[in-house]
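Each structure below is given as structure tokens.
After this come two complexes, each holding chain A, first together with chain B and then together with chain C.
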Partner chain A sequence: MFRTCDITGFKVDLQSQKLIRYNAVFAVISLLLAVTAALLLVFTRYQPMHLLNAEWYYRLVTFHGLNALIFWIIFFEVAGLYFGSTVILNTRFCAPKWGWVAFLLMVAGLVMSNIIILMGKADVMLTSYTPLKGHPLYYLGIILFAVGALLAVVLFFGNLMIARREKTYGDSLPLVAYGLMTAAIIAVITLASGAIIYIPTFLWSLGLIENVDPAMYKLIWWGLGHSSQQINVAAMVSIWYMVSFLAVGGTSINEKVSRSAFVLYILFICLASAHHLLTDPGVSSAWKVWNTSYAMYLAVLASMIHAFAVPSSFESAQRRWGYNKGLFQWLSKAPWGNPAFSAIILAVIGFGFIGGTTGVIFGMEQTNIIVHNTIAIPGHFKGTVVIGTTLTFMGITYYLIPLIFRRKIVGFKWAQWQPWLFFIGIALLSISMIVLGQLGVPRRHWDSTFSGGPFTYNFNPAVDFFWVLMMIGGVIAFIATLIWILIVVFSVSFGAKVNGPNDMQLTISPLAPEAKKHKGFEAPGTLVLTFIFLLVFLALFFLNWKWLAATWNVN
Partner chain B sequence: MSLLSPVEGWYYKKVSKDEKMWMVIALILCLMMFVWMIMWHVYGKQNPSSLTYKTSTAEFSKLSEAYIKNNMVGVDKGIPVVRPKPNSDVFVLAEMWRWSPVLILQKDQSYKLHISSRDVLHGFSIQPVNMNFQVYPQYDYVLTFKPTETGEYKVICNEFCGIGHHTMIGKIVVIDKEEDLKLYGYENMKKAPDPVVKKTNEPLTEQEMVLLGEQAYTLKGCAACHKIDGTKELAPAWNGLFGKSEEVRENGKIISVKVDEDYIKESIKQPQQKITVGFEKSPMPVFPVTDEDIDHIIAYIKSLSK
Partner chain C sequence: MENEQQPNEKVPFYRMIMDDFMLLLFLGVTIYAIFYLLWGVMELSNLPAIPEEIKDSILK
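Presenting the complex of A and B:
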């Protein structure tokens, strides 16, 4: 059963549409759970408030991590994969019944793990490093969720096969579907790592296995934990290209380059487990250097290629629309009133300048010494998975509401402000966490006054300022998330029906006109921006190494 | 056109000049960073070690206990203090929830620290110099440190290790001259509690039993949770404990018991049997102690109630 979209002209399989909707709804529920916990955590770490007791603090850190990093992201990605493999390709869903099986498995996993955590049976953190032991049902919940997610990925490939066989698209996959396929391939590698480690751990928690080696556990667990973040990167970059198309009618200025960059992700990004073992015993320096650098930084190269290709796709299209004056008219005349567009631009900036720079620098073998397990690490991934992935997902939702849910956005004015508010909140939160970490403040730590310990320690007095900043950032980000959730819930339940292309609040741009032949640069503005990025990166790079050189000697 | 199939000839389209330029710069940056890490091993002075020994928690606990017994020069807040010789092997034990021993190091001298855990993962984080390493059970990580500044440093735990995680804090003191010891109150460290001469065939006096008990209290790590100054965040304090009536939970029921020899013996051997009300969240693990050790510890606890 298909309907033909009167706005985009795509054929939409109604079964697929339903699956996309339900997965998206559970993504939003997970996000709500995650940010509620996050607010309580921020109020606890801010020492003058110190809201929760130690027990509930660690319980909610576990709860927040699982709901934010796993449930929210993966539910949304499953919705995205179904969208990318059916709607964009004008094809049907290969096996809707199995789609529901996958969905129910994931929901069962979510419910089971969350209940066990809240009952206090698994205060083990998201990472659950052995020999810390949680309740068997906690591990079983995650296994069920992972099996469901893996099934969803298999269905994605099934959809691709049908589309290919029935020739529903041209000779090559559209770039967005290609990027999502990259995400799906990485997801298979990642979820397999998850199965390899969670199944023995589950058996160990039941008492059927004597011992799970802690170093082996950490190595393989991060094959899931970090590599799964690369699913997000691939999915997020795909959405960036999609919004370039929807908002200004653009695409990558050279699709071969963009696609090659996606291939680099598949080949090298799964080495990222090493980022978590840089100051660990058990592995050699040669292993660390090779793996942490994704084999000579070839996956970083991929991200840097996208860092040019994504903004230049906007710039090139805008210039062809006639915004050709100077270096930056393409940017000043961009559709800033479109919340999906502003969300994506802000996500690109945040991901690059905060998440990307710190990711590469903290992930170098030696500089990791000065940040390992400090609060700078969650600061870094707030800069990738929150300001990058989450903001991107929030942005694209503003298109999904009219196109998939067929509703108008309630409170559109609020929607236009929401990405900015969220960006400011997370940027403050993330940057202050990074600074706190550089001053030695540990992550996952209930009391930085060390009450009850034999000694005490006073951090550099500068931390007081950054704790306040972090709390303010957290509160702003929480409010922005709440606004987004309310907009989504109200629009989906009470929004007016969308009546055709003229009734859209977010415009969908026609294709940008063909370029006139011209000499010189295709995207000079983007080139300038990437050079600014380069300078910031080098400044942070040398600052960190200078910092490291001032510490004790160790080898 | 990212939602549509690419236009014909996309595969052969020439890469524009600016994109090509950026890719070359990016590639150079990537290769530079890769080489940088390798060169730091040659010219840099901070490199995480590759030296690891496989061990077991029991074996490493024994090593650390023997090391401390032979080398301790005093006690600070229930934690033994050791002043190792430069270039020597030093054994640092991480456990729920303390670092043992406290170290006195000489500036600009190297020390081979063997670090391992008795239970779960811990994070070895020296502040304020901010150097951070991971500590595992079953693995002995050997890191050669050379402190470059004098001062008092704290070792905090930055890997979640249970409900008492935030109380896990140790100490390293770096001195230049002997006088510096005064800054930390370490100038007259008493050699105790290791004054007991091994006697054969002769029963120990009460006084000697107490000293051995104090030694066990320090070495076995009881001090991590059981304080002797009346504070009780994670476990009952030991001063004034002997002879007292305590509310305990046995099989879910709350009963009252008198703290005597038998109760202490049972609590050490089967810590989960009777759990003192108020401390259900920080259950005590089973420690590798002998019956003799237990007798000494009982003598020590008795002495704290006099």
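Presenting the complex of A and C:
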């Protein structure tokens, strides 16, 4: 059963639409759980407040990590995979019943793991490094969730095969679907690693296996833990291209290069998991350097290609619409009132300047040592997963509400400034955490001063300022997330029905007109912005090497 | 449609590879399995076992 969208003209499989809706709803629930825990954790890490006791601190670190990094992200990505493989490709869902099986497995996994954590039976944090042992149902919950997610990925490939057989698209997959295919391939790698390590750990927790080697566990677990965040990167970049198309009619100025960048992700990005073992003595420097530098830089190159290709697609389209004056008229005349557009631009900026720069610097064996296991590391991934992926997912939701849920956005004015508020909050939070880490504050630590102990530690007094800044950032980001959740819930539950394109609050732009022949650069403004980015990156790069050199006094 | 394939048009090799998602899946999994997983597991497996007396003194 299909309906034809009266706004986009897409043929929408109603089964697929229902699955997209339900997965998206559970993504929002997971995010609510994650940010509630996050707020309590922020008020605990700041020691003058110390809101939670140590037991509940580690319990909620586990709860927050699982809900934020696994459940929220993967539920949303499954919704995205179904959207990309059926709606965008104008095809049917290959096996809706299996789609529901996948969904129910994922929900069962979420419920089981969360209940066990809150009961205090698995205070093992997201990484659950052995020999820390959680309750068997905690591991079983994660396994159920992973099996459901893997099934969803298989269904995505099934949809692609139907679309290819029925020739619902041209010679190659559209770029957005191509990016989602990249995400799905990375998901296979991720979930396979998860299965390899969680199944023996589950058996170990039941007492059926005597021992799980901690070094081996860590190696394989990070194949899940880090690669799962690379699914986000591929899905996020795909959405960036999609919003460029929807908001201004933009397409990549060189689609072949953009596709090649996605292929580089498939081939090399998962090797970056080795970052987490940079101080482990069990693996050699050759293994570390190959995986985190030489091979991984090819994935970094891919990100830099996208970082140029996405803004340049906006710029090129805007110039073709006539916003051609100077270097930045395309930017000043951009549709800033469209919250999906502003969310995506802010996500690109935050992901590049905060998450990207720190990712490369912290990923090098040498400079990693300055911040390894400090709070700078979660600060880095607030700059990737939160300001990048989460803000992007929030942004595209403003399109999903009218197109998939068929409702108008309630509180549209709030929606217009929500991405800005979220960006400011997370940027403050992330940068503060990075600076705190540079000053030596450890991560996942209830009492980093060891107060009352025989060996107390006094940090540089500047840390107090950054703790406060981090709390302010955390509160702003929490409020912005709550606003987004309320907008989504009210819109989906009580929003007026959308009837045709005139009811759309967000623009859906036609394809930008053909470019006139001209000499010079296609996107000079983006080129200038790229050079600014590279300069900032170089400054941070050398600053970190300078700090590294100052760590040891060599005579 | 202008991008429709003509029956006799030869598809470039790079595009054949880039459009074959099963091949890309195979390559992605293989590279990861060889360079990260197997290489790492081999290195960890070849670590010498901790001498019993040191182990006992640590666990004491």
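Keep this in mind: the second predicted complex is superposed on the first by the 549 of 555 C-alpha atoms of A that agree within 3 Å, B and C clash if a C-alpha of one lies under 4 Å from a C-alpha of the other, contacts with A are read in each partner's own complex, and residues count from 1 in each chain.
Heads up, the rule we're going with is that contacts are C-beta pairs under 8 Å (C-beta built on N, C-alpha and C of every residue); 3 or more make two chains touch, one makes a residue touch a chain.
The structure displayed is predicted, hence computed values, not measured ones.
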| item | value |
| --- | --- |
| First (chain B), second (chain C), both or neither touched by A:L155 | neither |
| Touching partner for A:D213 - first (chain B), second (chain C), both, neither | both |
| Which superposed partner A:D171 touches (first chain B, second chain C, both, neither) | both |
| Superposition-derived comparison: chain B or chain C, residues of chain A touched | B |
| First, second, both or neither for A:L267, with chain B first and chain C second | second |
| First, second, both or neither for A:F521, with chain B first and chain C second | first |
| First, second, both or neither for A:V289, with chain B first and chain C second | first |
| Partner chain in contact with A:A192 - chain B first, chain C second, else both or neither | second |
| Partner chain in contact with A:L278 - chain B first, chain C second, else both or neither | first |
| Which of chain B and chain C A:L391 touches, first, second, both or neither | neither |
| Overlap of the chain B and chain C footprints on chain A, listed as residue numbers | 170-173, 213, 215, 277, 282-284 |
| List of chain A residues in touch with chain B within their complex | 54-55, 58, 61, 88, 123, 125, 129, 131-132, 169-176, 213-215, 218, 241-242, 244-246, 250-257, 277-285, 288-289, 292-293, 296-298, 300-301, 304-305, 308-309, 312-313, 360, 364-366, 368-374, 438-440, 442-448, 450-457, 459-460, 511, 520-524, 526-527, 530, 534, 548-549, 551-555 |
| Residue ranges of chain C touching chain A (in the complex, touch as defined) | 1, 3-5, 11, 15, 18-19, 21, 24-25, 27-29, 31-32, 35-37, 39-41, 43-44, 47 |
| In the complex with chain C, residue positions of chain A that touch it | 157, 160, 170-173, 181, 185-186, 188-189, 192-193, 213, 215-216, 219-220, 223, 227, 259-260, 263, 266-268, 270-271, 273-274, 277, 282-284, 287, 290-291, 295 |
| Residues on chain B engaged by chain A in the complex (per definition of touch) | 1-6, 10-11, 13, 15-19, 21-23, 25-27, 29-31, 33-34, 36-38, 40-41, 44-50, 52, 76-79, 97-98, 110, 119-121, 123, 125-134, 136-141, 143-149, 154, 156-171, 223, 231, 233-234, 281 |
